[in-house]
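Same chain, two partners: subunit A is paired with subunit B first, then with subunit C.
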Partner chain A sequence: MSVIAKRVRALSGWLYVLPALILVAVFVYYPVVENFRLSTFQWNAFSTHPRYVGLGNYAGLMADPVFWRAIFNNIAYAIVSVIWQVGFGLVLAAILEETVRARLRAFLRTVYFIPVTISITVTGLLFQFLYHPQFGLVNRVLVILGHPQWTHSWLGEEATAIWAIIGMSQWQSVGYVMVLLTVAMQKIPREFYEAAYIDGTTKVQAFFLITVPLLREMTTLMMILTISGAFLVFNEVKVMTDGGPNNASQVLGTWLYRSAFQNDQMGYASAIATVIFILTFGAGVAQLWGVRGKQVEF
Partner chain B sequence: MDRTASLRRRRWSLIATLLVFVLVGTCSSAGLGASASTGSKLSGSIVFLERWPEPQYAPFWKKIVADYLALHPNVRIDHQAIADQPYKDKIRVLTAAGQLPDIYFSWAGDFANKFVRAGLAADLTPYMRNTPWGNSLAPAAVDAWTHGGKIYGVPISVDAKVFLYNTKIFANNGLQVPKTIDALITTCDTLRSKGIEPIAFGNKDGWAAIHYMTSLNPKYVPRATLDKDFEPSTGEFTDPGYVAALNEFSMINKHCLTQGANGIDYTVAQAELMQGKAAMYYGQTVEFKTFTRAGGAPASFANNWDFFPMPPVPNGRGDQNLLTGAPDGFMINAKSKHIDIAVDLLKFITDRQNAEAFTKTLGRLSSVAGTATSANAFPQLIKALRVINSASGMNIWLDTILHIDIANAYLNGLEAMLNGTKTPDQIMQDVRAAAAKVRANP
Partner chain C sequence: MAVRSAVPESHGELAGAHPTPLVVLASLGRMAMLTCLVLVIVYPLVWMCLAGFKSTAELFGDPWGLPGALRIENYVTAWNQGVVRYLFNSAFVTTASIFGVVLLGAWAAYGLTRLHLPFATPVLFFILGGMMLAPAVALIPLFRLLQALGIYDTYFALIVPYVAFRLPFITFLIRAYVVTLPMELEDAAVVDGASRWQIFWNVIVPLSRPILISAALLQALFAWNEFPFALVFINNDNLKTLPVGLLDMQGRLITDWPVLLAALTMASVPMILLFIVGQRQFIRGLAEGYGK
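Now for the complex of A and B:
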């Protein structure tokens, strides 16, 4: 091929990529940069002149107890989500693959996945009934089991609100991770398991020695998705408690929304948005860096 | 030779067709103007934003706009509707983008005053003070839209907060409508002893508790002090009446209200009343329709309820005759190029015929006096309009009349108090701190 033809070939590659690149640059990267610029001002929809405050909004964030409460809630969300959705999802997928008959397996998979398809508004309503202090199922079951002292106004008390929401979220999302891990699991050649069983490995040992290492890519992806999802959570909290009571269940997303559209502090909200970006970006990069070069192949 | 001729023919036929379209177009628009002989001189295009997109209300607004356009053929209206929940963010986005509509919905109080302070609300005093139009609207409603002596909004509906009660439960237990706050608490004790929830209460959104304080504060604090404290530049909240009011609410909570209410939605509280599990519910007249057969309430309740306003506090230093509630309304963008059209449309919306249709379709009380009759409203609604028109004044919801930072101190403080994690004194400390910050940064 001539030099010119090679050049054209290389350039045409860029041509194919350019539209998508432009879209991402305009709709993702430009807003991130612009958002950071806006966070250096104090302004709202009604201000005639935005006031430059440099890093004043960030200083305000550091001193804001609700901000730290929100970060704590997001971290709690992330930790529980990873343990339950990825950890328990993996175990659930393995159990279904290894120990359950085919017909029952398909049925159970559907049962676990259905909550994922239900809209958050419906789920929110459903769980508000479940968590109702007088008529809710949760408290009624506790009373029947003989533990009335464990009953709470689950969404109404500052100590329990965020955990009640996290619980609802796990119920809704574990099926999603489980199905994705099932797909990845089905790609593992059966020969590995058969060889292991012949050698006397138990099912549990096979799980830890074969399944987990070979699924590392998928579990890493699931962890990144779950953790960034935990830092980006908004709908669940907004629908269930709107960040209350007394800001106890605020997460970064809802605190951002309230600062922007209720408290009329858009610069402050932009600062929160920048923090969310740094946290999720950092978490993603950290995980990818942590598993580089550790891919397992038999 | 043939080809050129046919091309030329095609070119001419194309030009001829275009000419026909142009002629028809101009003729038809001129024809439209000529055929409507109302002689209306208003012409221009405005954007009209209201907050009733729901399928049961949308046809009403569409019809009003269509009727208006039929009368004013040279006017174009871009009619938009956003629901209540997303309205607060959408209007801010529009404002920030410089796209505030010519007519936009607003709540009275500080929400409206924000637009006034930003120079985005047209001064409607010349159109509404001592004019036939202005006099047709309820005085308390127009008063709520007045800021600094000028009128900035047109009230469209009035709303009041009252105690709805189940008349059957009251009769069965020999209870009368309480005439004082203490009598209300005694009534609650009696109901509780019979295993009935006295007052259904759901505070998940935070405003339910704030509405109680909206009613209680004016009973303990003199009116002049309240007005001074509502102004962001002069608010201090040092009157001991504020703490007394919070203590009273704490008593009401202990004796009357559903416990654990921070986790309960207000619609669940409504349901508790309708199912006969609770005897009372502190609700708004705009909720009345929910409690009728037409609104979906069970027949056992729909015919057996009445209401009474918050009873007076015998030794309270404030005005005991004020009614809690606020008118919704529309404001006009001060930067609009067609304020005349906007005013005319709002006059049309609040004329007698449309106001009666408003009450009939939306089940809400119109701000236009005398428009709730047995032809378009059920008995409780007619009584409500009488009660509102005879009120000496209205207490606007505390969370909309206060600067948002002070309102937040109340909202969060009350949620904490219901959980037992804050005392009335601590709440007022937070309120005073927020007020100090607001005074320093107007």
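Now for the complex of A and C:
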């Protein structure tokens, strides 16, 4: 082969990579960068002359009580999700692995994962009914249990709305992290457990002495994913309360959407997007770091 | 002691010959918890399906009883009032984005692992780096970009971003698999005079089938349920996908909850079935994607 033919062949190899490269550059990277620029202007969807305001939108954010309410709600989301999805998910995965027969185990795992496959719009609308003050199952169960004073209009009261949504999310997502932790658990050599059990270790002790330490990296990864997911919450809040009542259940995602497409404050919404970027990018770096360290050899 | 019974091959303390009362109690407690969790998860879903057969009076009079008759007409109404259109849109957008992302991801994985391209590593990092960028951050600029390109409010307004935003992850997934394939078959094909194009389709694709299926399933789950892009980039009711269309239906139906619940049930069935059928490939994809 001549030198030129070799060159052409080497370059033609790029044709396999180029489509992906261009799509990612144009539709993923460019918008994220453009977002920073847009956040320094005051503009709406129809304005022909956006006004440069520098960091004005960010100053506006700092003074906006709804923004802080949203941050608080996202943090609450993150904390509950880490405890329930990662903490309880880990315990659940261990119980299934160590104490349940194989066939039952496969069945339970499937059932626990089913909500993950359902659209959040579906579960959100379904839970609107479950949380219904008059007809909902939740209040009904409370009455049957003899605590009628605990009943609420769960999604209609400022104090309970965000917690009711967070509760729905836990119902939907516990199976996801559990399944991933199960896969990691199955990679732990059986001999570790066999040796421990012969030495008289109980299963509870084995969980803390073997499972937890050996799954530390995977658990950390799941925590990062869960936290970053908690700051991206949008669908469930949009469907169940649309941020209400009185903005009490607003999260960053819904406040961004409301600001951009209902209040028509596009620059302000871009500033919120930048905050989401900062919060999730850090998590993304950590995640990529963790995955790379374990799997990808460059 | 129950030590012997705890030896792994028996897998379960109940198998022990002389379980102590404490062990029995603990395992009863565990089973109770696992069963409770099954009920908490399954009951609302079964209820949703059954309540779809109720009359409105039944639903509000006795919300948690069984329907008095199997009113298929609720499902028919829901189907005609939009579900059929939203299902089609979701199926179309999902299928197109699966083909797009798997094809482009596999090409990129092949190009970056097998062709000894210069700068392959920085390019790989660039593509994978897209995983760290959240769709919400791109929402507003993307909205403008799609308008400028003239594809806002068309199927492409969803297909293109669904492919682009999932390419980093899917490329990562396929690449990790392609890297482990032995080179010999490829070398043999080269000796036989096969072109890269032939090698890709006749060697790489067949050998990577398992991971391509996993990638397709994960993309299906993502595209079928994606919400924010579907909400912002589509305005025409005829093009809306299920997650947004169902929300619209709630607005239209207001008090006709049984029909809405029937619609929700029909919207959920395809993914649940797909998951049950493709469970192993599904979970493999998830597990590969997040390391060991």
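Assume the second predicted complex is superposed on the first by the 255 of 298 C-alpha atoms of A that agree within 3 Å, B and C clash if a C-alpha of one lies under 4 Å from a C-alpha of the other, contacts with A are read in each partner's own complex, and residues count from 1 in each chain.
Throughout what follows, contacts are C-beta pairs under 8 Å (C-beta built on N, C-alpha and C of every residue); 3 or more make two chains touch, one makes a residue touch a chain.
From a predicted model like this one, the values you see are computed outputs, not experimental measurements.
**Student:** So, does A:Phe46 touch the first partner subunit B, the second partner subunit C, both, or neither?
**Tutor:** The answer is first: A:Phe46 touches subunit B but not subunit C.
**Student:** Could you tell me if A:Tyr131 is touching subunit B, subunit C, both of them or neither one (first, second, both, neither)?
**Tutor:** first
**Student:** Using the superposition described at the top, determine whether subunit B or subunit C touches more residues of subunit A.
**Tutor:** If we count touched residues of subunit A for both partners, the winner is C.
**Student:** Have a look at where A:Met266 lands relative to subunit B and subunit C in the superposition and call it first, second, both or neither.
**Tutor:** both
**Student:** After the superposition on A, what does A:Phe67 contact: first (subunit B), second (subunit C), both or neither?
**Tutor:** A:Phe67 sits against neither subunit B nor subunit C.
**Student:** After superposition on the shared chain, which partner residues are touched by A:Leu155: those of subunit B (first), subunit C (second), both, or neither?
**Tutor:** In the superposed model, A:Leu155 contacts subunit B only, not subunit C.
**Student:** Can A:Tyr77 be said to touch subunit B (first), subunit C (second), both, or neither?
**Tutor:** A:Tyr77: touches no partner chain.
**Student:** With the two complexes superposed on chain A, say which partner A:Phe207 touches: subunit B (first), subunit C (second), both, or neither.
**Tutor:** The answer is neither, since A:Phe207 touches no partner chain.
**Student:** Which holds for A:Ala102: it touches subunit B only (first), subunit C only (second), both, or neither?
**Tutor:** It touches subunit C, and subunit B stays clear.
**Student:** In the superposed arrangement, which partner chain does A:Trp255 touch: subunit B (first), subunit C (second), both, or neither?
**Tutor:** In the superposition, A:Trp255 touches no partner, neither subunit B nor subunit C.
**Student:** Do subunit B and subunit C touch any of the same residues on subunit A, and if so, which?
**Tutor:** 129, 257, 260-261, 266.
**Student:** Using the touch definition up top, name the residues of subunit B that touch subunit A in the complex.
**Tutor:** 88-89, 91-93, 95-96, 114-115, 117-120, 203-206, 258-265, 268, 404-405, 408, 412-413, 415-416, 418-419, 421-422
**Student:** Which of the residues in subunit A end up touching subunit B in this complex?
**Tutor:** Going by the criterion above, the answer is residues 44-48, 128-129, 131-134, 152-158, 161, 241-242, 244-247, 257, 260-264, 266.
**Student:** So in the complex, which bits of subunit C are touching subunit A?
**Tutor:** It comes out as residues 1, 3, 6-8, 11-13, 27, 30, 33-34, 37-38, 40-42, 44-45, 47-48, 59-60, 63-64, 104-105, 107-108, 110-112, 115-118, 121, 123-124, 126-142, 144-145, 160-161, 163-165, 167-168, 171-172, 175-176, 179, 196, 200, 221, 224-225, 227-228, 231-232, 242-244, 246-247, 250, 257, 260-261, 264, 267-268, 271-272, 274-276, 279, 283, 286-287, 290-292.
**Student:** Which stretch or stretches of subunit A touch subunit C in the complex?
**Tutor:** 10, 12-17, 19-21, 23-32, 34-35, 38, 92, 95-96, 98-102, 108, 110-122, 125-127, 129-130, 135-137, 140, 171, 175, 179-180, 183-184, 187, 190, 193-194, 197-198, 200, 202-203, 217-218, 221-222, 225, 228, 232, 234-235, 238-239, 252-253, 256-257, 260-261, 266, 269-270, 273-274, 276-277, 280-281, 284-285, 287-288, 290-291, 294-298
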